[in-house]
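Sharing a structure with you now.
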Amino acid sequence: MVELVIFSLLNGLVTGLLLFMLSSGLTLIFSMMGVLNFAHASFYMLGAYFAYTISTYVGFWPGLIVAPLLVGLAGALVERYGLRHVHRHGHVAELIFTFGLAFLIEEIVQFFWGKATKDYSAPELLQFPLFTLYGQNFPAYKAFMILISVGIFIGLFTVLSRTRVGLIIQAAITHPHTVSNLGHNVPLVFMGVFGVGSALAGLAGVIAGPALGTFPGMAFVLGSIVFVVIVVGGLGSLPGAFVASLLIGWLQTFAIALDWSVSDLLDILGISFDSEHVLRDLWTLSLPQVAPILPYILLVLILIFRPRGLMGKRET
Amino acid sequence: MTAALQMQGVRKSFGPTEIIRGIDLEIPTGERHAIIGPNGAGKSTLFHLISGKYSKTAGRILLNGTEVTELQPYQINRMGLSRSFQITNIFPRLSVFENVRCGLLWSMGYRNSFWRLVDTERALNERAAQILDEIGLLERCDLPAGVLAYAEQRALEIGITIAGGAEVIMLDEPTAGMSHSETEGVVELIRRVTQGRTLVMVEHDMGVVFNLADRISVLVYGEIIATGTPEEVRASKAVQEAYLGAVDAGEGEAH
Amino acid sequence: MSATETGSAATGKSGDRTGAEPAWKRVADDQMRRGAFRRTLPVWGAAFVVLMIMPLLFSSAVGVTIMNQMGISIVFALSYNMLLGQGGMLSFGHAVYFGLGGFLSVHVMNYVEYDGWWLPLPLLPFVGGLFGLAFAVPIGSFSTRRAGTVFAMISLGVGELVAACSIIFVAFFGGEEGVSGDRTMGPPVFGSEFLSEVEVYYLIAGIVLVAALFMYLFSRTPAGRMANAVRDNEERAEFVGYSQRYVRFVSFCASGFFAGMAGGLFAINYEILTEENLNLVTSGWVLLMAFIGGVGFFVGPIVGAIVLTLLQTVLSNHTELWQLYVGILFVLTVMYAPRGLTGLVAMHGPALRTGRLGILARAYGAAVVPLLAFLAGVVLLLEMGNVANQSVVGESEAHVFGLTLDVSTVAPWLVALALAAGGGYALVRLAPRLRDAFARATGQAGAAS
């Protein structure tokens, strides 16, 4: 039980931090531009694929730097030549545009890299168990993921709280619509924020690719969860996104690890059931089975009972 | 007889700043009441509070004796209060005709019915056309409301507001930005359609105010510093000091 | 007798008054006349005739299969547009009502087969609709609180939730292989047991007509008009007595009903439903259909459903890149033609009315060749690129436009590049002239508004 808790905590932390890498960029973009970027996870996927291609030529490490930069550039270009064009039609049009973009990026990825999972793996250097507990290994690469994520947050936090740009961004988050009054070049700020947000997603892809697999569906798998995170955390709230990321990371890992089922509960209560009944699925339901839907249940509950999210200030 | 509108200790704060600082006001049924005051005094905010757009920080509001403090805008509207907006607030993609017709639907009992067709309801369409005639937009009825000129949109704003035939009508700067002749037309329109109803309006044009209003309230920094007949208000020392003189001077400069 | 009298009396009266009839009365009459359902009857009649003779024109098995799929998509896309186009609600989870309506229809079909329920097949889509409605009511009760981005998020969450549930609850959703049924076990209708595809076609065609008719009529009811008003300005609607939430809720429920109906049609046509029918892919697909067709027009989603079904069935036979083309089409539509294909056609309305379509025809004529060259070049590049990227070693042949091209040689690439670049350049050069011709043909309508 102890090792289960420890490993679940660690694995949940890895997932949670990864989610925060995505959700922080998404939150920044949403707060400043009012755009919910449906294609955010697609940039994450692009990060993984770019890094994969780079790694086939020069190994893992250069990709760690170059791939996010390329993704950031792609994001900035998308903002400049796509999103800005759609902006005048309103936020719903922007959302439809980013949805189409997500669709298109998946097709483009298949066009260049094919449908099969790519053999993008962790560098030799990190392919060893960091420690072994009760006979279970904890891979060094996961520790590396934690390290990178934490490093990024410290960097992000410093930029936001210490620099001029950070102050502008903070002002924009708490008081949207006021950035333009501050006399800054708003289009440029938008392009920058979109680029940086995309680059963050790209970096998440670079480090997640080897651990979670690099395949055309990877954006799809994570994309909706990231949305859940920012809504649960409260739209536009960075601390909220952080809390929700970890919450959902742990929710999922613990649900998978703990093999409890409804039938156990019924056994404890001394209720028996007919294994042929139409509702049999309900009675044999186990936690690992429902793990994938837990975030969505959480989302719906939050939206019904606390529409502004855990830490949001604005009513969604 | 109960007053059409009663405000008791109404307050509103946005964050730390208190914008409405304790309003007590009674407007009897059938009265034409003007609220005047400098920019930023909180006149529009007061309108938003009465009509249910904003929640109240403190105090009570009664409409025809019934408490409406906690009600939603649509509930207050159904109880017989209709308002216009200072910043034009219409249905931009619908035709001018439809804008007015939307203002009529609920009050004529159509609710959310999906078993009747709007195009077969003669009374509804004739009423809408009559109102368009009154506000002078009959010829423009097929245009999308969003493409109308500014003054026309202001007229439509009033048209939507009065369409439902509410007992209490609130107009927020109905003549703002209008030319002299347009203003005259609107004043006549307002006088006509509020015949026998209660009117509350915010207005900067003192000519309009003294022409239309039975009583006037002066709102300064979220407080009513005086209420009375036009003569009383004109004569009030406090008002002259705080407001009227300043406005006259300001208008003099502008012209 | 008395009815005739009042009738003639009324005519006589208005006849007396024609000279003095007030302007507002004329406007009201005019509005009622133009909105009258009577005026759309010829269109419905034409649609009926077209639907009846289609199987005679396209009698091949493939043709009927495609048309059946189109019919289902039309109902589904129209129901989607009740949300997006009419109510301003962007949904990423509309397949939920389609899929659940469909699954329950298959289950009902099985009850008809095994438990002796009596249900003529043409009624099944209505049953599917009721199931769609049954799910739309509870979900709509909380999801319609807001429109815009928030509604989109909730619809996505609910969509993912239901899709994930469909994998867990095997008894109801049938797991990976889905649930199947047999449509032919109900009581015969006019002697038909719906054994053949053509019989199913006529059933679908009938339901398409009925569903489209009711969805059109809905848009002309107070509830439908207020849905438009709330879409335009939800705040103002509250100040004329309407709860924005309730107005959206009514549209949402109606939309769920018709989506469920489309699901019922799907169950009849394919006799099987799988998890895929209610997941995000299907939800996204219906958004594509409605948007590419044009959400601002009642016929938009119909156009979109027809075009995308054709792409899905015909184009996919010729290229494995068809989804890439659809993606490009969609993004281009969002960016450059937000009113969809229907909007592109409707744009020419003013020119048509003023009889100046000729000006445009000449300009378009000049652009045809460059456009075709450009498209051909791009398609060649993509197709050859695809072969080059994916190729198993040694395989280097691309089959495009009936040609076989060796991608390991330089010549086809050069030709493709030349076509794309040349066509593209010519189009860019022609663009100002096209714009000018358009402005002249529409009488500077753009400048006026």
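Order as written gives the chain letters A, B and C; numbering starts at 1 within each chain.
Here is the rule we go by: a residue touches a chain if its C-beta (ideal position, glycine included) is under 8 Å from a C-beta of that chain, and two chains touch if they have at least 3 such contacts.
Keep in mind the model is a prediction, meaning the values are calculated, not measured.
Visitor: Given which chains touch which, is the overall layout a line, a ring, a star, complete, or other?
Guide: Its topology is that of a line.
Visitor: Of the chains present, which has its C-alpha mean closest to the combined C-alpha mean?
Guide: Checking distances from each chain centre to the full centroid gives C.
Visitor: Using mean C-alpha positions as chain centres, tell me how far chain A is from chain B in Å, no decimals.
Guide: Using C-alpha averages as centres, the distance is 48 Å.
Visitor: At what distance in angstrom does the C-alpha mean of chain C lie from that of chain A?
Guide: Taking the mean C-alpha position of each chain, the two centres sit 33 Å apart.
Visitor: Could you grab the centroid distance between chain B and chain C? Build each centroid from C-alpha atoms only and quote it in angstrom.
Guide: Result: the chain centres lie 42 Å from each other.
Visitor: Name the residues of chain B that each touch 2 or more other chains.
Guide: Nothing qualifies.
Visitor: So in the complex, the part of chain C that touches chain A is made up of which residues?
Guide: Chain C reaches chain A through residues 88, 90, 92, 142-143, 145-146, 148-150, 152-154, 156-158, 160-161, 164-165, 167-172, 280, 284, 287-288, 291, 321, 323-324, 327-328, 330-331, 334-335, 338, 382, 385-386, 389-390.
Visitor: Using the touch definition up top, name the residues of chain C that touch chain B in the complex.
Guide: It is residues 22-25, 27-28, 31-32, 34-37, 217-218, 220-226, 228-229, 231-233, 235-244, 246-247, 250, 254, 449 of chain C that touch chain B.
Visitor: Can you list the chain B residues touching chain C in their complex?
Guide: 51-53, 72-74, 77-78, 82-83, 85, 89-94, 97-98, 101-103, 105-107, 110-120, 122, 125-126, 128-130, 132-133, 138, 141, 147, 160-161, 163-164
Visitor: Would you mind writing out the residues of chain A in touch with chain C in their complex?
Guide: Per the stated touch rule, the residues are 36, 82, 85-86, 89, 91-93, 95-97, 99-101, 103-104, 106-108, 110-114, 220, 224, 227-228, 231, 278-282, 285, 289-290, 292-293, 296-297, 299-300, 303-304, 307, 316.
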